[in-house]
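Across the two complexes that follow, chain A remains constant while its partner is chain B and subsequently chain C.
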Partner chain A sequence: MNCKFVPSVCSYCGTGCGVLFEVIDGKINSTLPLKSHPVNQGKLCIKGWSLHEYINSYMRLKAPLVKENGHFQKATWDEAITHAAKNFNRIKETHGPDAIGVLVSAKVTNEENYLAQKLARAAIGTNNVDHCARL
Partner chain B sequence: MTNSIEEFETHSKVIFVIGSNTTACHPLIASRIIKAKENGAKLIVADPRNIQLSRYADFTVHQRLGSDVALLNGMMHIIIKNNWHDQAYIEQRCEDFEQLKETLHTYTPTMVEAITGIAKKDITKMAELYATQSPAALLYAMGITQHTTGVDNVKSCCNLAMLCGNVGVAGGGVNPLRGQNNVQGACDMGGLPNVFTGYQPVADPKAREKFSQAWDCELSDTPGMTITDMISAIEEGKIKGLYVIGENPKLSDPDKNHLDNAFKKLDFLITEDIFLTESAQIADVVFASASLGEREGTFTNTERRCMLTRKAVEPVGNALPDWEIISRFSTALGYEMNYDCPSDIFNEMTSLTKSYQGMSYQRLGIDGLQWPCPTPEHPGTPYLHKNIFTRGKGKFHAIDYKDPAELTCEDYPMLMTTGRMFAHFHTGTMTRVSTSLDSEQKTGYVEINPKDARRLNINTDDMILLTSRRGKIEAPARITDSVPPNNIFLPIHFGENPTNVLTSSTAFDPIAKIPEFKVGAVKIEKLIA
Partner chain C sequence: MNITKQVEQLLKQGDVDIFLAYRELDGHLIPHGYTLDNLEDLENLKVSQHRYSLEKVATHLTEKKPNLKIGIVARDCNQRALNLLYTWNQLSPENITPLMVNCCPSQTRNHSDCTYLEPKKTGTFKQKKGIDFNENPREFMDNNDNGQRFSRWMYEFSKCIKCYGCRNICPVCFCTDCSLENPDLVEPGALPPEIPIFHLVRATHMAGRCIDCGLCEDACPAEIPLRFLYREMNRIVSDVFDYTPGAGLEKSPFTIIGNEVTLEPRPMDA
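And then the complex of A and B:
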C-alpha cells in the first residue's frame, strides 16, 4: 500500500483553509485540516472535511463532449478543441471579436484565470471577460 | 479584506458583522469571531434574519431588507453628535468629511427608525459600542453587496470605518468575506472587463503597451462587458459565442426564464467544468477539467493570501487541467500558448503584476503570502492602508438612502431574500454530489415566519408556490423565526427549486452591475396536495 499526504487549500468558500489530502494508492481517501495553517489552525467545517467527496464523485466528467444532433458524444481532445476553435474563429471573422464573451472562474487557479483572460484579450481580441464575483 | 483573519482574534476590540451569515458561509472565520468574543472583544451583528451569529452577539439588530445605508448613516449621525469620531485621523488621513457630515445631518434616529425598523435607542447603543473602543473590524458579505445600492452600501461601510479611524490599523478595517475560493484571485488576475492583472486598466495606454509587448499582440482599448451586460447582449444578438469556465450561470444568474431565452440565441457555447452542470447540458462543446488535487496551482483567499495547491492524484479519465485546455484552445484559435507547468505561467503573471512580483512557488510554501508583495524579500502585507491610503487620502462619500428596486405591493405582498445554508455551496454542483453533505439537506426549502405560516395555514413541509414578477417555483415550507414576519428566505443551491426564476435581471447596481438577490417582492400560496 502506498500512502502519502499532500497539502492543498479548500476549494469551497473564500476563507482558504489549509488541508492535507490523504492519498492511498492513487486515490484521495480523506481530507484533514492542516494543523499549522495560519487560516484554519487545524480546524475545518463540514464542507472542508468532505472536500474529497466531490473530487471522487462518479458524476465527474471524464472526457470532452461534442454535441451532434442534440446529443452529446464523447470526443478526443483534438476533436473537441478543433471543433470549438473552428466555430469561435467563424464567429470572430463574421461578427468581430466583441461578439465573443469569456467567463473566467472563481473556482480555477490564478494561473488558469491569467491564461483565460489572456486568451480572451490576445487570442480572441476582446475585453469581454468577467466571472461570478457579483453572484 | 483590508485586514487579516487572524487579527480578529488577536487585535480587534470590536467586531461588527453586517450582511454576512458567517457561521453558515464562512465557518472558520466565524470561529475566530467567537474566539475573539471569548477574549473580551465586543460583537455587533446587524442582519435582517436572526442568524446563528446573532446569538453570540453583545448587541444584535434586524434591519429591514435593503435599509443598510440608512442604518450606517444613522450610526454615523449619532457618532458625530456625541463626538465619538476620530477627528485627528480624519484631518490627517481623509478628505471630503464636510460633505459627509452635511448629508448625515438629516439621518436622525427618528428618521432611521422609520426606514430600518430599528428602535432609536438601539441605533444609539450600537453606534456607541462600535465607536467607543478601537480597533473595530467591520465584516460584510453579499448581504451588503447584492443590492441595487451595493456600491453605496460598501462606501457607507468604509465611511463608518474611516470615521472612527479604523482603516490602516491591525484588527480594524473593512473586510468583505469572499464567497468563492478564488474570487479574489480571479479579480487579481484580470478576470474583469476593464482591467489586466493587478487592476491595470485596459484603457490606460501604458498598461496596454506593457501587455501588448509581453504578449506580442495588439490589444483592444475598449473595456468589455460584465456578465450582466453579456446576457442582454446575447439576447440582442450582439454576443454569439460564449466560453464559460468553471461556472454555472443557468443557476447563478438572475431571472432564469430570461436567461434561458438568451442562451437559446447563442450561436456557440463552450463550457469547461468538472461536472455536466445545468449550463454544460446546453453547451455545444464541453471540456472536461481536472479538479482540485488533480493539478497544481495557486488560489488567493479573502485576506489576499496567495497559496499553492499541489497535485495529489492523476486527473480522472481523460480530464485535463484547465491551464492545459486553455493553452491548447488558444493555440487552436491561432495564438500559440506553450507552458510546461503552472509555475511558468505564475512567473509570467508575476513579472507583469506588481502586487504579486515578489512571489514564487518556492516562497509560497505552505502558508502562502499576502499581497502586496512587490519584491522577493518582502514579507507580504497583513493589512492595507497603513499610515497612508493607497489612493493618498481616504475619501468620504456622502450617500443618501435609496429604496430597493422592489417593495411589497398588493400583488406581491412579501419580501424575499436569498442566500446559502451551511451544508451546501453556491449552485450545489460541488456539494450535492457529496454523500456527507447531501445527507444534511437534500432539497430546497423556503423559510417562513410562524406568524405568516399561521395566517396562511401553512405547516412544515407543505408545498408552497412562490410567485414573483418573473416566474413561479415550488418549495417545501420550513417554519422558523429566523426570518421576520412578512419576509421569506430561499437557499440558492437547489436546481429543482431555482431561486433565479424569481429574481430580477433588471434590478442591479448601476456601477457594480451586481443583481439585487437580497430583496425581491413575492406572493406565497399553499399548494393543496
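And then the complex of A and C:
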C-alpha cells in the first residue's frame, strides 16, 4: 500500500488555489488545501474541496466522441481533430471566418489562452474571442 | 537516533508498513507516506512546521486495509487526535506507532517549539463587530451581554461560505453520514447556510470530541473563530463531566455506541 500527496492547482476557477491530492495506491482519494500556497493559504471553497469527486466520476469523458447520425461514437484523437478541422473549414468557406467564435477560460493557463486567441486570429481569421471571466 | 534513522528501522524491521511524515517537494512541505518501496525518499523526510491531519490520512488508509501498521510523526495535537480516534474505534492502537516530536502549546501541554500557531491577528472591523480570535472567553462573556454576544456570533456566522472545510479538515469528524449534509437539519443550496444552526450543529458534535488542534479555524476562509467556539463547548464538558477530549484513552461521556451508556444526567449549573 502506498500513499503520497501531490500538489496541484484547482481547476475550477481563475483564483488558482493550491491543492494537495491524497493519492492512495494510485487513486486520488481526497483533496486538501495546500497550506504553504501563497494564493489560498490553506483555505479552499467547496469546489476545491471536492476536486477528487469529478476526477473519479464515472461520467468523466476519457476519449473523444464524435456525433454521427445523432449518436455519439467513440473516436481517436486523430479522427476527432480531423472531423473538427474539416467542419471549421466548411463553416469558414460557407459563412466567413466571423461565423466562428472562440471561448477561452479563466481555468486554463495564460499560455493556453494566448494560443487559443492566436488560433482564432491567425488560423481562423476572426476577432471573436471571449472569456468566461468577463461575464 | 535521528528521526530518519528511526523511521528506516521501523520500516526495515516490519514494525510499520507505512510511515506518515512530511517531505519537501517543489518548495512545499507536504505529507508523505514512506514505505520499503521508496526508502530513497527518506533523505527528504521532514517534520513540517505546517500541520496536516496525518491521523485522518491514517483513517483513510485503515478504511482500505484494516490491519495496515501505520507509523506517524506526531505532535501533541496528533497524539490527542489519535487517542480520540482510538476511543471512538476509528483506529486501533495496536496498529499505530506514533513518534513524538516537539509541538505547539495546548491545554494538555505547555511545551512550545512550533511557531506555526502564533496568535492570529484580528482586524479592527472584526474586533468591533465580531470576535477577536485571541480574546479570553471569560472576558468576552463579561464584556458582552447576551444580545451583544448573539449579534457578534451572528456576524461571524453570516460570513460562512459553507465550504465544509471545517469538517473536512477535522481529524475527529469521521461520520459517513454527516448531519451538516442532512436536508432536514441544514437546508441545501442556501448561502450563507442556515445560521446559527449550521455552526451550532457542528459545535454540539464537537462537545467531548474536539481535541483543540485549530485546523478548522486555520482552514476557514471566512475567519470564523471556530476554535474559540469549540473550546467554550469543551470548557462546559470539562466543568460538568470532568472530561478533556484526547487527553487519555477514557471514552467520551457522550459515547452511545457500545453496551454501556456512561452519560449521567446532571444539571447544567452543577
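Operating definition for what follows: the second predicted complex is superposed on the first by the 125 of 135 C-alpha atoms of A that agree within 3 Å, B and C clash if a C-alpha of one lies under 4 Å from a C-alpha of the other, contacts with A are read in each partner's own complex, and residues count from 1 in each chain.
By our rule, a residue touches a chain if its C-beta (ideal position, glycine included) is under 8 Å from a C-beta of that chain, and two chains touch if they have at least 3 such contacts.
Bear in mind that the values here come from a model prediction, so they are computed numbers and not experimental data.
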| item | value |
| --- | --- |
| Partners on chain A (chain B, chain C) - clash or fit | clash |
| Touched partner set for A:88, first chain B, second chain C, both or neither | first |
| Partner chain(s) touched by A:1 [first = chain B, second = chain C, both, neither] | second |
| Partner chain in contact with A:111 - chain B first, chain C second, else both or neither | first |
| First (chain B), second (chain C), both or neither touched by A:57 | first |
| Superposition-derived comparison: chain B or chain C, residues of chain A touched | B |
| First, second, both or neither for A:9, with chain B first and chain C second | first |
| Partner chain in contact with A:46 - chain B first, chain C second, else both or neither | both |
| Which of chain B and chain C A:36 touches, first, second, both or neither | both |
| Shared chain A contacts, counted only where both chain B and chain C touch the same residue | 4, 7, 18, 34, 36-37, 40, 43-46, 49 |
| Residue ranges of chain A touching chain C (in the complex, touch as defined) | 1-5, 7, 18, 20, 22, 24-25, 29-30, 32-37, 40, 42-46, 49 |
| Chain B-touching residues of chain A, taken from the complex the two chains share | 4, 6-18, 21, 23, 26-28, 34, 36-40, 43-55, 57, 59-67, 72, 77, 80-85, 87-89, 91-92, 95, 97-135 |
| Of all residues in chain C, those that touch chain A in their complex | 17-18, 20, 25-33, 35, 37-38, 50-52, 57, 60-61, 64-65, 68, 161-165, 168-169, 218-221 |
